[in-house]
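There are two complexes below, and they share subunit A, which is joined by subunit B in the first and by subunit C in the second.
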Partner chain A sequence: MSPSFTSASTLDDALAAVASGARPVAGGTDLVVGARQGKAPLPNDIVAIDRVEGLRALEISDAGLRLGTLVTHGDIVANADIRNRFTALADASAIVGSHATRAQGTIGGNVMNASPAMDTGGPLLCFDATVTLRSAKGERTIGLDALWTGPGKTSAAPDELLVSVDLPAPGEGTGSCYVRLEYRRQMEIAVVGATAVVVLGDGNVADARIAITALTPTIRRVPAAEKTLVGTAADADAVKAAARATAAAATPISDVRGSAEYRRAMAEVMATRAIAAALTRARGGSVPIPASPAMYGAKES
Partner chain B sequence: MKVAATLMVNGTSYPVELDPHVSLLRAVRDELGLTGSKEGCDDSECGACMMLLDGEPVNSCSYLAMQAVGREVTTVEGLAGDEEVGPLQRAFLQQFGVQCGFCTPGMLISATALLRSNPAPSDEEIRIGLSGNLCRCTGYDGIVKAVQQAASGDVPPMRGAPVHADATPPHHAG
Partner chain C sequence: MATVETAPGFVRQDGKEKVTGTGRYTADLTLTGMAHVKFRYADHSHAKILKIDTAKARALPGVVAVVTQADLPDVRFGGFVQDRYLFARDVVRFEGEIVAGVAALTEDIAAEAARLIEVEYEPLPVISDYVEAMSPDAPLVHEGLADYEKDENILANGNTMAFHTIVKGDADAAMAGADVVVKSHYRSDASQGVPIEPRAVVAQWQGDKVTVWSSTQVPYAARAGVAQTLGIPEADVRIIVPLLGGGFGAKCDLHFEGQVAAIARAAHRPVRLVFSREEEFKAIAQRREGISMDFETGVTRAGELIARRATLILDKGAYCGEGGFLGQMAAMHACGPYQIGAIKIESHLNYTNNQPSGSVRAPTAPQVCWGLEQHMDEVAAAIDMDPVELRRRTLIEEGAEGPTRQVFDHVGVKDTLEKAVEMIDYGRELPEDEAIGVAIGWWPCMPASSGAYVQMNGDGSATIVTGAQENGSGAVMAMPMFVGQELGIDPDDVSVIYQDTDVAPWDMGSCGSQTTFNSGRAILAAAQEVREQLLDAAAEQLEADRGDLELTEGSARVKGSPERSVAIADLVGEIGTVHGKGSGEVLDAPEGDTGGCVGRLGNETFLAPQLITQAAHVKVDRETGVVRVLRVAAAHDSGRILNKKGADGQVFGGVVMGVGLALSEGTMLDDQGRQRNPHLLDYKLVTCSDAPQIDVEWIEYDSVGPRGSKGVGEPPQVPTAGAIANAIAKVIGRHVGELPMTPERVWLATHGNGA
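Moving on, here comes the complex of A and B:
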């Protein structure tokens, strides 16, 4: 059969297209590159969903943050509330790909691509994000740990589209950070990445979330490391113990970006940096987001 | 099988027949004859193929041409007037931001996108804004200075004969 391409203007049109076997494309930053690298051939039937109305809404309130599936990384970095309250997510979106990738690439596409090296994955997990999947038959909302089943694999059915990502509001005293080891700032994915979200109360760690990136088949939290940090005063020894516990959960592979041994060694380093920066931010200190938000037309608030 | 579509590039409508899998870069170069945009890595790494899509930068080598239908595409040819290249291009010439020239179309497009969202970028912001574009000749300093000069608005006209933009496609449809 010769290939086909359609562009959906409504969600119903998009859902009907995927129900009949078409594969969705949104920002288009992964699909062609993936095909060229031999990951998967270009789908025979493609439906573009980037012009579906209503899916680029970004809503932030006291309850939390809702990202429509078409919200771009540039949209995320440009939003002052996200930079202030979901800082690790802004850290991640600020360094995805290049200016072009951030202008075109969507949060929904990023999540559904399910790369164990994706930058936004750790922050989304640590902020307890859920995703809503819609099909012509209905919708369901699941956690990311239930969505990601392996490298490039999700539990979503072929007729389901991710329509939104929801993050509950972090409490008072929260600080967060995502850091990655990289060889080049742009058009790079994580050699090793780490995310930390810490909540301080009376100077002690009331809650902690730590996730590792490019160190396991899917991005995952490390509960053993989180437990190590909770209840401590977050001094240097406590940070070191938590970072060590984080690295112990790594089961990295060797590939073109690094050997398993190197990744394992760097896991503790990156975890230390993420935890330290999250603590600094929780205490009101300044750790800048790695690319200037002014690039996205953001006005400093 | 190719399908009929219309691409809007640099303000001109081009009726074309497109393979649904063809990239925007191949369509613009091969179907429209606008060869300013270059294919470097063909993998979204080098930025030589950079175009604007509704004003936002896109790696056109890795973007389906069909997905650009209904959007306004700008290539380097669209940055020049009929008689003279634009101020950003003059700044690249005046600051020696061009050597072999292969990366230049992509650099100019990325710099245009940067200056639109951030008209007075710092040195670091220029480097971040252009860091999806690789240059193997200049060492980047001349390029950064060129963008600074363009942002300052003080770009004198070039002496000598006007530079004619070679922007007319072989089968101009507009």
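Moving on, here comes the complex of A and C:
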């Protein structure tokens, strides 16, 4: 069958196209690059959803944050409320790819690409994000841990379209941070990344969420590390213990980006930095967004 | 003579079209009836070809030509050793080797047809490690090397394509008398030029003549290569270069013009080849070579360098190309611009089943300088002397002897050291994770023929016709300014006809930092002929003594009496035809005592060396090994600077390339010599955000080039990686032994496992 490319103007049109086998494209930053690199050939039928009304909304309230699937990384970084309350997500969105990637790439595409190296994945997991998948038959809402089943793989059915990502409001005293190992300042991909979301109460850690990026087949939280931190006063020893536990959960590979040995060592360094910066922010201190470049001594930009 | 500042408002003529996107590059050309070319590449890094069956490819609808070496003359090409066919004939020797070419009505059909070509191989053992390539039981990359046509000074043996020595005095005896002997080992990975424009070639035949549009830095070398490999006269080959989207040396040499011309002839229609980024990494025969370096220096406690021994082993890859001289050039850089009592350098340029190496911006110099300048810091440490002080005591100066007893004229290298140190405020207190490193390098000027015409037009404007090639540096684009100054006319009224081998005299092309040095000399000589004609006519018309006349603001006039003047346009009308041609005198290589040196290919002495000191201020994240370069202070002696804006630009670009070479740019290979990172995500160029602050100062003395100049383009990349390396070593307390100094390598060195 000859290839087709259609542009949907309504959600129903988009769902109908997806139901008949078309692959959705929004920003196109993964689909086209993936095909060029030979990861996956371009699908035969493509439906562009970038003009669908209503999928671009970004709503933030006391209840939490709802990101329409077409919200771009640039939109996220520019939002002052997200920067204040979901800081780790802003850290991650600010360093995805290049300026062009951030202007064009969408949160929905990023989540459905299911890369174990995606920058926003750790923050979304730690903020308990859920995704709403819609098909012509109805919709369902699931957690990210249920969505991501392997590198590039999700549990979404072929006729389902991700329409929104929801994050409940973090409690009082929350601070968060995402950092990654980066070899250069732009056009970079995470070789090792760590996310920390901590909630302080009476000076102690009331709750902690820690996730690792590019260190396991899917991005995942590390409950053992979280437990190590909860209930402590978050002093240097507690942070170090939690970071060690984080690194212990890593099952890194060796490839052109780094050896497994280096990645495991960096997991501890990144976790230490993410937890420390999250604590600083929870205590009202200032860490620039994105957190990563400043940690390597680059001038703020 | 003072620095000639860029004329205010001077805008290079190709600037606007490049910046606004209206410029046309080779890949933008479309000719009526044009077909599309795809290559079939080798399926093995080393194998005998038993059979090539093209029947299925030819049968595919839409295919208009399939070409293999069987269709072409039995001619090998190569600069110093003629070791390669356009299409592999009997043996494939690296993964990017071209086995066949296809032309079809669409790119997709061409790609499919290339896949359908059936090639039967007998795999041969692969030798990818260029050091192991010298072991007696290593498989031979070229069984027939002894019988190949080669330059008479090439010394080949086994897998060693060329062996060179530089010998001064008795280094072994001198070493025995040293107070301290320091030994170091360094090893660099291969890296790439990475022009932003991937290669494109378009070819069209008319009768027996072929026109080839190509993204090349060297159109005349491409012409000679097409003529040689297809067995036709150079007069029947015309190479035109549309705008060139960068080259950095990687677009030197014959590159695919021969194959594409052959395919167009077989297709009976014009054809176009456009490379993907992956092909631009894998198929080109022109990357920066990996080098293994062992240095040994004998020094006195007072810092006198009394002996240097070094052994260099370079990865030539599968074929010679124009890179036959790399080993000798590397040997000169293992000496550096220092006064050394006795020297013995051995250099082995070895064939492997890797991608071929060739000239990339100052070939061999940045890697060897990176190793040598770290070694120099180690020598300084061994005698408890500040590394800047050791260099102060040992750098060459006027009257000093080079590695082959060449005696230098005035050179500004010591001034560049003092200037760079002053610019960066060397020795000041810094945070414990920051440091300043210093490195010094050199690079010769290449004497070469060139020729040019300058003709006056009836309205007083002028046209330059030159064989020079513009690769983006602005060297050719500055020529209207020089001719305008010579003839007293506005540079905007001077046009340039260039990049077309049918209209201008031979030129070496955009390589060897030679455009201003040689092409500029020819253009100025042509302009001076025109100047003489104009002054003769003006003297007659104004009834004035020739010596009292000046050419300025579009007129000839009597100095001090502006009312006695005549417009240049009127003089041209009077004379009829006003044109000049020029070549200028090609300079000889300096004399030296090279009697003890073997493998002499012309780099054993350095004409008008350009001298460079750079000081780099870096910050090292010890926990991760990530290095940020905060600032580079660059002080260069390139003789008189003729176009400061352009020259500064070369330093900015060269330093940024140097930062990439230092920290992130390395081609990784598997044990079959196949590239593991042939794309821009994992071959990491430096982005604008990573670029340091770069400060430039020029140390200006009169040199032997036009208007006292030397070359400018290649040297800025030479010492950058060395300066960064020495700064890193100061922070982490150890030298990093491998290039690029990736975060993991710096981390390993920091924590005691590396180097």
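Assume the second predicted complex is superposed on the first by the 290 of 301 C-alpha atoms of A that agree within 3 Å, B and C clash if a C-alpha of one lies under 4 Å from a C-alpha of the other, contacts with A are read in each partner's own complex, and residues count from 1 in each chain.
Heads up, the rule we're going with is that a contact is a pair of C-beta atoms (placed from the backbone, for glycine too) under 8 Å apart; a residue touches a chain by one contact, two chains touch by 3 or more.
Nothing here was measured: the structure is a model prediction, and the numbers come from that model.
Asker: On the superposed three-chain arrangement, identify whether subunit B or subunit C touches more subunit A residues.
Answerer: Counting contacted residues of subunit A, the larger count belongs to B.
Asker: For A:Glu182, select first, second, both or neither according to whether it touches subunit B, subunit C, the two together, or no partner.
Answerer: So A:Glu182 only meets subunit C here.
Asker: In the superposed arrangement, which partner chain does A:Gln37 touch: subunit B (first), subunit C (second), both, or neither?
Answerer: A:Gln37 sits against subunit B and subunit C alike.
Asker: For A:Thr120, using the defined touch cut-off, is the partner it touches subunit B, subunit C, both, or neither? Pick first, second, both or neither.
Answerer: neither
Asker: Examine A:Thr174 and indicate which partner it touches, taking first as subunit B and second as subunit C; both and neither are also allowed.
Answerer: Touch status of A:Thr174: no partner.
Asker: Considering only the touch criterion stated at the top, classify A:Thr246 as touching first (subunit B), second (subunit C), both, or neither.
Answerer: After superposition on chain A, A:Thr246 lies in contact with neither partner.
Asker: May I ask you to decide whether A:Thr195 touches subunit B, subunit C, both, or neither, giving the answer as first, second, both or neither?
Answerer: neither
Asker: A:Val256 contacts which: subunit B (first), subunit C (second), both, neither?
Answerer: Second partner only.
Asker: Who does A:Thr218 touch here: subunit B (first), subunit C (second), both, or neither?
Answerer: Neither subunit B nor subunit C is touched by A:Thr218.
Asker: Which subunit A residues lie in the overlap of the subunit B contact set and the subunit C contact set?
Answerer: Residues 37, 184-187, 295-297 of subunit A touch both subunit B and subunit C.
Asker: Once bound in the complex, which stretches of subunit C touch subunit A?
Answerer: So the residues of subunit C touching subunit A come out as 433-434, 619, 621, 623-624, 626, 628, 630, 663-664, 668, 676-677, 679-682, 684, 686-690, 742-744, 747-748.
Asker: Under the stated contact criterion, what part of subunit B meets subunit A in this complex?
Answerer: Checking each residue of subunit B against subunit A gives 1, 3, 19-21, 23, 42-45, 47, 50, 53, 56-59, 61-64, 66-67, 69-70, 110, 113-114, 117-118, 121-122, 124-125, 128-129, 131-133.
Asker: Subunit C touches which residues of subunit A in the complex?
Answerer: Interface residues on subunit A, with respect to subunit C: 37, 181-187, 189, 256-259, 262, 265-266, 269, 295-298, 301.
Asker: Mind pulling up the subunit A residues that touch subunit B in the complex?
Answerer: 2-5, 7, 25, 28-29, 31-33, 36-37, 42, 46, 48, 50-51, 74, 97-101, 103-104, 184-187, 291-292, 294-297
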